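All remarks here apply to the structure that follows.
Per-chain numbering from 1; labels A, B, C, D, E and F assigned in written order.
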Amino acid sequence: MSDKLLHDYNLGEQMNIPVLIKNVVTRTAKTGKQYLAIDFEDKSGEMEGMYWGVTPEEIEIFVIGTVVQLHATKQMYQGTPQLKIANIKLATGKVDLKPSDFITSAPVQRQRMEEEINQVLFSITNPEWNRIVRHLLRKHHDAFYTFPAAKKNHHAYTGGLAYHTLSIVHLAQKIGPLYPQINQGLLLAGAILHDIGKTLELSGPVGTTYTVAGNLLGHIAISDAEIVLAVQDLHLDPNDENIILLRHVILAHHGLLEYGSSIRPAILEAEVLHQLDELDASIEMFTHVAEQTEPGKFSERVYALDKRMIYHPKSLD
Amino acid sequence: MSDKLLHDYNLGEQMNIPVLIKNVVTRTAKTGKQYLAIDFEDKSGEMEGMYWGVTPEEIEIFVIGTVVQLHATKQMYQGTPQLKIANIKLATGKVDLKPSDFITSAPVQRQRMEEEINQVLFSITNPEWNRIVRHLLRKHHDAFYTFPAAKKNHHAYTGGLAYHTLSIVHLAQKIGPLYPQINQGLLLAGAILHDIGKTLELSGPVGTTYTVAGNLLGHIAISDAEIVLAVQDLHLDPNDENIILLRHVILAHHGLLEYGSSIRPAILEAEVLHQLDELDASIEMFTHVAEQTEPGKFSERVYALDKRMIYHPKSLD
Amino acid sequence: MSDKLLHDYNLGEQMNIPVLIKNVVTRTAKTGKQYLAIDFEDKSGEMEGMYWGVTPEEIEIFVIGTVVQLHATKQMYQGTPQLKIANIKLATGKVDLKPSDFITSAPVQRQRMEEEINQVLFSITNPEWNRIVRHLLRKHHDAFYTFPAAKKNHHAYTGGLAYHTLSIVHLAQKIGPLYPQINQGLLLAGAILHDIGKTLELSGPVGTTYTVAGNLLGHIAISDAEIVLAVQDLHLDPNDENIILLRHVILAHHGLLEYGSSIRPAILEAEVLHQLDELDASIEMFTHVAEQTEPGKFSERVYALDKRMIYHPKSLD
Amino acid sequence: MSDKLLHDYNLGEQMNIPVLIKNVVTRTAKTGKQYLAIDFEDKSGEMEGMYWGVTPEEIEIFVIGTVVQLHATKQMYQGTPQLKIANIKLATGKVDLKPSDFITSAPVQRQRMEEEINQVLFSITNPEWNRIVRHLLRKHHDAFYTFPAAKKNHHAYTGGLAYHTLSIVHLAQKIGPLYPQINQGLLLAGAILHDIGKTLELSGPVGTTYTVAGNLLGHIAISDAEIVLAVQDLHLDPNDENIILLRHVILAHHGLLEYGSSIRPAILEAEVLHQLDELDASIEMFTHVAEQTEPGKFSERVYALDKRMIYHPKSLD
Amino acid sequence: MSDKLLHDYNLGEQMNIPVLIKNVVTRTAKTGKQYLAIDFEDKSGEMEGMYWGVTPEEIEIFVIGTVVQLHATKQMYQGTPQLKIANIKLATGKVDLKPSDFITSAPVQRQRMEEEINQVLFSITNPEWNRIVRHLLRKHHDAFYTFPAAKKNHHAYTGGLAYHTLSIVHLAQKIGPLYPQINQGLLLAGAILHDIGKTLELSGPVGTTYTVAGNLLGHIAISDAEIVLAVQDLHLDPNDENIILLRHVILAHHGLLEYGSSIRPAILEAEVLHQLDELDASIEMFTHVAEQTEPGKFSERVYALDKRMIYHPKSLD
Amino acid sequence: MSDKLLHDYNLGEQMNIPVLIKNVVTRTAKTGKQYLAIDFEDKSGEMEGMYWGVTPEEIEIFVIGTVVQLHATKQMYQGTPQLKIANIKLATGKVDLKPSDFITSAPVQRQRMEEEINQVLFSITNPEWNRIVRHLLRKHHDAFYTFPAAKKNHHAYTGGLAYHTLSIVHLAQKIGPLYPQINQGLLLAGAILHDIGKTLELSGPVGTTYTVAGNLLGHIAISDAEIVLAVQDLHLDPNDENIILLRHVILAHHGLLEYGSSIRPAILEAEVLHQLDELDASIEMFTHVAEQTEPGKFSERVYALDKRMIYHPKSLD
């Protein structure tokens, strides 16, 4: 068995390797035949392929989260790598292969992220905020360090939620000292908790989907509810201004009502948290798109960037 | 002392009656002199007047919630009645005058509203929704039946919150049977709770203002938090779909994100509740504006109706 | 010959039944071969299928409104049932099959709808409105009771226009009494006439398309013109306020200029009619989408509902 | 009596001249005193002034359309000339002064405009369009040649409607030959009729206001209704494509639905008429604003030009 | 060899003619096979075809700008003519065939356009504007008379830039005299220079693409920079108001900031130039769409016309 | 003479101090009398006052940039301090008072800002960018270090342009290292030059207004032109990708076309510069508004922050 991974193969090269089915949809072609559209995944990333001539039995076997032996050739389809599948079979003989062996992870180790977050807690000197943050990190401990930050696109890997949270924390630590009028404790508490509701909005690190609660409530309302319950559990005063400020920072962090905030930022820390969240997301997306674009060329129009075409400068590499 | 009230006087007629100061702002004219802009109120409604030549002592005395003896003449200013004030003094000799004697109330008695709401509870057969509604009505009992529904404009009187809630309940009771696919229990539970957070967003029935929590969180997030806490207090399962549906109906009831909903209606009952809320508000505003407009004439542009001018037909009276 | 209809068959089951060609488009595949995309219809509803390998002669025969014998298998394509066609032939031997035997109809009989509408006329006590409504119902009698309300999606069946009109009338009858300030006669006259122009905007109950006048004028302007001509035919005074109010209610019933109203509602009855129209349409669409979605699942994004995904609650069934 | 007119006086100079009251509003100052805000007019244009200390009798006398003797001084107020009124009295001794002696007129004589319009009719060779245009010009003959095109701002003078119509006709005559694909007859018929409804939307040349029909229907729907009635009066076929095209050109001439068109231009002539209408209006507004702005300076923000500030170049004079 | 060109063939007719590859993209079908999507061009216009079963060698040979011998049949695909390709080979034996023999050109000869533009220069009497225009026409002489005005759609042919420029010049010459307040010299100078930056935004007349500078700067900024450099080269005063006005007219000619103007028109000539540019573009697009639509039918929705469907009247032909 | 400055006085306290007239407008009250609305300024900031009963001679003397002796009392007007003026006279006896003694300055000394900027230049290692930045800083040296960044509101003081520029530079220096994919040289060069055109858009540090070029071209186009001329002066290649990237970063730095960018950010550094510019501006505005708002209160609606009300938390001070 080869040690090469999905993205190590060249165009036109054949592979025969174990991979994870990250997502799969059964479709019917116009001609009436069924096929599977599968997203395969291993530690090197994801790649899509169509599995033609699938049998009804295979449709029942090849579900999300299954490890399979993939025999295929790598090709290009509309500017994206795609697999031409020769065949797929269950990787049954290889009992030691667990789905978690195949999923990509944050570029930083979980242990180091935990240490960093724990370190940040000391900068939140206000006792209410500090207790609430500790309480919720404890309550959602495993999910917080293993969930992705989104179903796909940005930070869509194991540990992505904690990694994205840490990016915002780092920005806050750098920018706070330039503007002494910013309350650093509130900004950091808000940064750590702003996406805490994603631990309930998403289904988990493998085969991630939105939960019913995620779709019907949204992670902002879920995050707010978590704080409200924490306040009750910790016997804090829900009418204390500090509690209201922390809830405001979370409720307002999407900035505009159109983006799902139920209220617009009315204090400095809420505005700054919102802008740092946006800055980190933009940098992620620009970087991702530029990497997939040849130097000296423009990308296709990127929907998530308002349909802009991104340029990969050849002179900056 | 006359028995006539503020709105019983004709244009140009003098009055000398006890009234309540509903709202007051100290202003400085361009000439540098200070004056008070006062909203007076009694059971007949509100009327504004400027009190010129106010002394510093009077500024400290004539605060929101004070009962005063008003000596003034009724006039028109830009199409609205206004008071030309001769003088104001504390209504000190009249010890039996309480602020609550002067505030306008819902057109229906509190007791009858309570009875109606209690009756509606029997139509909410789902036990989780029924218990949550009862729990929250009990928790906010007094505020729910005495608060206005808004600081000004629509349903801005004692009991306005319960009265507006009942209007939505009545619409739901009429429309539900026309469309059997509507879950009547969910619609009614949503109708009763949709503005429950106003009991914390507003300061109370007299001299109503927005609380800090009201401004920083908004009544939608406050209402949602109340349900979340009720679920915990009643030891219900927060992941039960029924609980999530009820929260969704509340979170989505402003319809559009731009109007402060953190999520758009995704189930029929949420969409219907949103539209009934809008229908009742529109009817209230059209009625109010038309009443203040002469038959055969158009109103000024109404900001809250997207700057439309409303026509008062002369042939429909 | 089987008595089963299109929607009575299970997935994978073969059928050989007479059906109507509701709509048909000739297309060329990328490979250069022509095929027909056909919407078939019988009393159970519609279903689509691609007819591959069609001959030039067949293209000329299988036109809109033809009754054919369909031999096919039912399958799923992107979440929607679709027919895999074995062959189609003219249902020539069955001389008794008329196109009208195959089209779906409103859930209420035409006769009962006529009776109900006739009953409503007694509530329109104003003689001008009453005469105009009667005049136009007489003028467009057949079309009004047989046309659909739209080419597709909502109320797109024989009698759909009258059925949709009656839904608005029912809403008006229920809501009017809750708000005595609404002029019930004007609201009902507006409700009956608001879509009368669809009798000229659409081509008819079978193989419905937009007429040239429909596309170039729109049903709002057509409806208004019908009232203007009725006023002249009935020798009424076009400058009577009652006439102007009725025209206003029709012209404004889409609410926003962006939705094709040439004027925004400026009287209460116009605003209420607009909102009831929207309410009925929303309920129709939510119900339709939820029915086609599995309990516990979200629909695909629905374009006509601003791309929302609709949830089918499993606990409410 | 001086022969000088309103706009012939310099700043600070006194005048004592007969003028017309074009518009008047009674207002109450914050101090409770009433005054009149009057727009005066003579052949040189309009000018505003406040009449302080007005008596109740004077309020009844100084109504719209009255000729008065004005004793006042010209001043500047927020960049606009304004009258400081010493006193006003009825110009009773001057029995020969008619309101029409004081209103401004189009820069072209009515007779010449009639001749030009009559000449244009020969270019409309299609008999249906020609007959409809003749019919409606005859029906609204006097109003068409005396009404303004708007209550204020652009073409707000006697004959303004015909003058604005002629400007569009001239543009059409110049541009048509550059693009032979334009149907010149349809464009000219549309140009002449596009604002014909203003003869019913506005009240007349003196003291112009919007009629109730104008406010509730809008001039686009009124114009369309006039064509519909003309078709009936002339026994033309309402389903003839030529009739539908002419109606479309009128219904679509505001271009965007947001601007009150009930349909967007779908044929070339409708699009061109819309753009020529906009071009003429823009040129009018730019010219008017630049004239009132000192060379080398920017105007205040102009609401009707999307709040732009217009520059009056000093080097182009 | 036939003398017939691409668009001379009827549906279903075979052709075997030399054509130019205007554009070509390599694609992979879902089945994994590669094919070429080719835009062919000759003097009669463009037509698309898919070349199935292409070999890797052919992919390297059949690049943009190649003259090939095309053996194909004309068909319709979704309302547009398309080629069903039998085979393609290099037109090697025909040494005299140059790419420029196959590209479509403006309907007016280059020489005549040069003469017209040179004539217009005499109407620009202001010496600064005259010298700048002459300087830039000289600097970009060849590109100005050979480049298209766009990559595709409107004026996308050799000489299209000069042709579109002349259309605007003609409109300006016609409309200017109707409004004497327009400075004709400034309007004409602006008309000639408004798209001069396209000589650097686009790559050239054959196989036109956007340059990197074109995509990253846009032709408005490029045009402005060209004027700024001309001013320096001609030793003119950059602070002279005439220079600033000319730059303003160019910078503002897209009218709205959303369309890429960096400033909105603040002088009459800038507003007029913007509207004439829009008028010419609209007429072009309506004409083009109507030509491709059958009389009595509506087009598909046209993206560049805000998704409107355009009608081709049958009675106007 | 007192040493206290404008903002050192308490409410109701009298002052008699030399101040600068920063801005002055002559107005006419409704009563017809003229007065001056004056913005006074000294090192402590600005304050407004109305000067009633002004004589024509005084109007000519009290112009922008005059130092006067102000005798007045400090009051509050609609939540803002305002001066009740007793009298004003020329500060003629005090020959040593220069306007520049009264204007507020950046919180950092010019010399230190120069040193910091000079230090940053070493981080711009690309020779083209480095030479262009040096060239333009030299060309606009004095203006760059003395101009404000805006006419009013944010950074509207001497040296404000350099101070704001340095804030962006500091943000870039902090954030760059967190994302190694950012080209630090390009980001820094863009940060220094992004507002360089303000040296020509604004009139200078005293009595700042917009120049005609500023209003007609905007500072983005002016900045771009400066770079284009620098490239020519330095004999660099205008088609070098590095030059185009630098121009792009400047042209795109307002982010959205609606905000005046002629192109949207298409490379990472352009997006980041835009967001840092926005972040610094938001922090400035929030800080400024919160400072002027009492702890525990909300501000009035702030136009420049989308009409939001900003909260000044009492628990964070």
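Assume a contact is a pair of C-beta atoms (placed from the backbone, for glycine too) under 8 Å apart; a residue touches a chain by one contact, two chains touch by 3 or more.
Every value quoted in this text rests on a predicted model; they were computed, and no experiment measured them.
Shared contact partners of chain A and chain C, listed by label, are B, E.
By number of C-beta pairs in contact, D-E leads when D-E and D-F are compared. Chain C and chain E, compared by their mean Cα positions, are separated by 44 Å. Each chain gets one centre point, the mean of its Cα atoms, and the points for chain B and chain C are 40 Å apart.
Of all residues in chain C, those that touch two or more other chains are 212, 215-216, 241, 245, 266-267, 298, 309, 311. Touching chain pairs in this entry, ordered by label, are A-B, A-C, A-E, A-F, B-C, B-D, B-F, C-D, C-E, D-E, D-F, E-F. Those residues of chain F that touch chain E in the shared complex are 212-213, 215-218, 220-221, 224-225, 228-229, 232, 239, 241, 244-245, 247-248, 251, 257-263, 266-267. Interface residues of chain D facing chain F in the complex, by the touch rule stated above, are 29, 50, 52, 75-78, 82, 84, 296, 298, 309, 311.
For chain E in complex with chain D, the residues that touch the partner chain are 167, 170-171, 174-175, 178-179, 181-183, 186, 240-242, 245, 264-268, 271-272, 275, 278-279, 282-283, 286-287, 290, 298, 306, 308-311, 313-316.
On the side of chain C, the complex with chain E involves touching residues 27-28, 30-32, 212, 215-216.
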